[in-house]
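Per-chain residue numbering starts at 1, and chain names A, B and C are given in the order in which the chains are listed.
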Amino acid sequence: MLRKLRKSLIWYVFVAPTFILYALFVAYPTFETFRLSFFQEVATRQEFVGALHYIRLLGNQVFLAALLNTAFLGIIFLMIIVPLSLVMASLLNNLHVWPNLFKAIYFLPQITSTVAVALVFSYVFQPNWGLVNNILRELGVDPLPLWLAEPRYVLTGSRAAVTILAVWVALGYYMLIFQAGLQAVPSELYDAAVVDGAGPLQTWWLITIPSLRPTFIFLFITGTIDAMSRFSDLWMLGGPAGTPARSLQTIVMYVYQTAFESNDFNLASAAAVILFVAVLVLTVVNFRSFLGREFSSQSGA
Amino acid sequence: MASSENISQARSITGLRGLLSSQRNFRRLQQIIIFVIMLIGAVAMIAPFEWMLATSFSRSANVAMPRIPTFWPSDPSTFNYKVAITNLPLARYYLNSLIVTVVSTLGYLFFSSLTGYAFAKGRFIGKSVLFIILLTTLMIPFEIRMIPMYLLMRQLHLSDSYAALILPFISGGFGTFLMRQYISAIPDELIDAARMDGANEFTIYTRVVLPLCGPALAALTVLSALWRWNDVIWPLLVISDRSLFTITFGLAMASRSQGIFTGVALATSAIAILPIMILYLFLQRYIIRGIMLTGLKG
Amino acid sequence: MKSQIRIAFVWGVLCSIVLASCAPPAPVEVVHTQVVVQTQQVEVVVTAAAAPVVGEVKVLLIGKPDEDSIDPISGANIPGVQQLEGMFEATHDGIDMQIINIPWGSGATGYGPKTESMIQAQEACVYLMPGAFQYGRRGYLENLDPWIAGDPTFKDVWPGDYLEQWRGWGPGNPDNQWALPYSGGNRVIHYDSVLFEQWGVEPLNQHPTLDEIEEKAKAITGTNPVTGDENYGYWYQGKYINWQFQAIAHAFGATWGTVNADGTWTINWDTPEYLQALEWLVMMSQYAPPGALAADAMPEGFLTDQNVVGIIPEGETGYYLTPFVNDPSLNERFRTTYNLQGPDGKGGLFIADPVAMAASCPNKEAAWEVMKWLTMSSESQKYNFDSGGNLPVIDGAAEAIPAIGALVDADAILNQNAFAEIRYPWASAQPRFSLQAAIEAAIAGTLTPKQALEQAQQETEDWLAQQVPTPIP
């Protein structure tokens, strides 16, 4: 036993640093977020208050609006980016002229910092002289859309502007992941389709898309987590309050504002815990719905 | 690519020889259509950057903007760049970004591969439990932990230091997981042979394992570098000393202060973006391959 | 075994390398190579002069340029903060003034938390401190009354009740002088006299009323009869609309509430006066350029020939003062009036950031000299103007910077602050953010003005309910 432990020792040395850092920066803060969410600072002391902050949050219109807004922006984003990037990736896969050049160009926004991109887009969407409205004006559009000055749920409002921004940034990445998926589709499947006399669109619909299921699962799960923790671009464009009229506020922005502008770390921690639960639930739901579909399609076939 | 070729082959084989020439025309037309669609997308990708450059080189951009879209500066001048460089210590910001990115990436590579090696090839009590614990990192987004991390940094008196920007990121569940997967695929015989030769585990790690991990390490380098270079929320919490701003954070702070001027803001963005873009042009094959390998982005 | 020790050793080395490279950089403080020599004054003054004050004084300033920099509009030079140190030390031989300059910022890395940690760590003696009342309440500040009483060279150089604005409650003494006014700014109303002329509209009065602004803004909106440009009568900075709204509301007779005896606040947004004001603002927003809701500055083309907006309220010192002084002809086209005024004759944001002395300061004599120089000297006031377009707060501002006194509208520019409303204690707290979001919603039309104010009131009360009386250490 002792000998075995001694032999193991070297491996513990190898994993020790990672676990020390894990304890400091993952385990402890996660635990502490939960703990703080059940306490309240009273005259520099922390007093246990049970679920008080959760009750406050669930009756708090600002928080609920931020939660809904995060979900709304995330769903719209995924509903646009996934089909769009799939089509673009499939097209690019069939292009023989400069495919790598296009790949590199589409990926460009990904290596650029969100901060710089959001800054540039705050001017691109400027209603009076921004790039987008200048082009629309040349095309004779009147009245010009207000973009970041329009908090309503309209196709040319602030939510639309940030969705266009997010799609613009993410398109290259999603295309790349789809291309990786496309290249992994076994060519025998296509040969079989050809023998059956299927046209290109049929092949795409019946062979390609079903074969990409792992890619879809991956993109939906990572996309959901990214969407739930969205912060930088919206913070650049709308500040921590997500102006105008909180139309761009997300949960993380709410956490940030509550903790660091209103100095209520306890309430902010409770909001962070709700974010954590939401991420967890969504991941599980995503997994199950996709796996469920997999099972039903298997039993159907 | 495969599908369309096979299909056209199939069509010609099934006896429609008369249509062969129109088939070729069809394929050419198809290529042109795809090309045009891709080109439109590419223009949309580049236009904002081009417009940023054009505007940043316009002397009057700080007071008044042209009312028609310009992709060439209306009154060319490097004034905005002069203002940006003079008013913000951009060289210092760049240096900070470099220090933070390089040190945390080196740490990330070293610790991820070392721990990954232990989990892939080591035999020790509690291995699978420890590994599962580590994997939980993947499910706990940084944003959930940020408040206690901020308070911890303050308690440790690490706010406003390079340590605050680097330490939390020199190891991670994802990197360890990736390296473990990669190293697991290395045949045991190679490692056993080295052991027979009397090499200790650290030597095996440096001499045998690491040299075989090129692609995985490259991918992790890309990811870690992009994460660190572009991070803004963590510096926002722990850095208030301007001499420690990274270029990304410095740009964010400058543009969020009231009364930033369009031309200067865009010139600053260009300074922050362009060197990375140029680097990307040279490294894009590796970067894209790395992203495809891991499926994760910056 | 041996190998394991070696690994552990390699580990240790690696860790220490990593840690060493993480060590914080050399502190930003000025390294003082200059030896402080107590000069033997040859020309000994016969009167019983106190011994010369010596020592080092650390000063926290906010938002000054770290280095010499360039004005983004004119290209003029802006002096870096080290020049302020130089100016002070040129006239105060024994005192070594060390400025710690931080950005305004907001949130976790804003000046607030930084000030808090510095005062707790007793890092500086003199603070530029917008929140001086709160720190005074908590016992962190020196009451300046004895210093003022004991110093024959001290003079109340400020107009009106500027100095009295900074008296407040503290532990053991209900009435303290917590700070001295240092750096100023104001909010005025601009109008483009060229557009007014082209539309045949009479210029604004020195003290414009709501009705006058409404009527003239309406008259100037539309296609310009001379240039054919699309003109707009009115302007608002969407992202900071709260300040303009407060001025309007006060002109309608609204007051925000009160500070209670225990330091908490009572705030009333949902009143008939605020409602009238919000309805008025929403109505006026139709005369402003589209997209003003997303604006965080003056309208595009302001201070140029391309300006298309007639009346521009909430003109900020930082935007207009330096350009006016650099090119006084601008003030002939872009005229300036006082802000709106309520029934009490007051109106507009009061902006004068003060300096305060930490109670923990080990070298109060020297710190007092620094404070006096920063607040009272015309050099320091001029530096404030040169470095950030701040308005001098002292009475003799026109003498400190004659170029301001020479402007066409010098009267309104220099005296607006004497008419300003008393400072809002909630200026950077949740009630402001709640109201700001509500006004945005009302202007955008997602809420009616009534609903918007109800929402702001609700949120504010929820927040106030969580506030406890400030603990007194």
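Note that a residue touches a chain if its C-beta (ideal position, glycine included) is under 8 Å from a C-beta of that chain, and two chains touch if they have at least 3 such contacts.
Predicted, not measured: the structure shown is a model, and the values here were computed from it.
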item	value
Both-way neighbours, i.e. chains that touch chain B and touch chain A	C
Of all other chains, the one whose Cα centre sits farthest from chain B	C
Between chain A and chain B, centroid-to-centroid distance (C-alpha), Å	16
Interchain centroid distance [CA atoms averaged], chain B/chain C, Å	39
Sequence positions of chain B contacting 2 or more other chains	65, 150, 167, 170, 200-202, 236-237, 256
Residues within chain C bordering two or more other chains	3-4, 7, 106-108, 113, 300
Where chain A touches two or more other chains at once, by residue number	10, 17, 126, 128-129, 239, 256, 259-260
Chain A to chain B touching residues, read off their complex	4-5, 7-8, 10-12, 14-15, 17-19, 21-22, 24-26, 28-30, 32-33, 36, 88, 91-97, 100, 102-117, 119-121, 123-124, 126, 128-129, 131, 134-135, 137-138, 168, 171-173, 176-177, 179-180, 187, 190-191, 193-195, 197-200, 203-204, 207-208, 218, 222, 225, 228-229, 231-232, 235-236, 239, 252, 255-256, 259-260, 265, 268-269, 272-273, 275-276, 279-280, 283
Partner chain C, residues of chain A touching it in the complex	6, 9-10, 13, 17, 42-44, 56, 60-62, 126-129, 143-144, 146-152, 158, 239-241, 243-246, 256-257, 259-262, 264
Contact footprint of chain A on chain C as seen in their complex	1, 3-4, 7-8, 11, 15, 106-108, 113, 238-239, 289-295, 300, 429-430, 433, 436-437, 440-441, 444-447, 455, 458-459, 462-463, 466, 468, 471
For the chain B and chain C complex, residues of the former touching the latter	62-65, 79-80, 82-83, 86-87, 89, 99, 103, 107, 110, 150, 154, 159-163, 166-167, 170, 200-203, 235-244, 253, 256-259, 261, 263-264
List of chain C residues in touch with chain B within their complex	3-4, 6-7, 10, 14, 18-19, 21-25, 28, 65-70, 72-73, 75, 78, 102-110, 113-114, 117, 240, 296-297, 300-304, 306, 316, 318-319
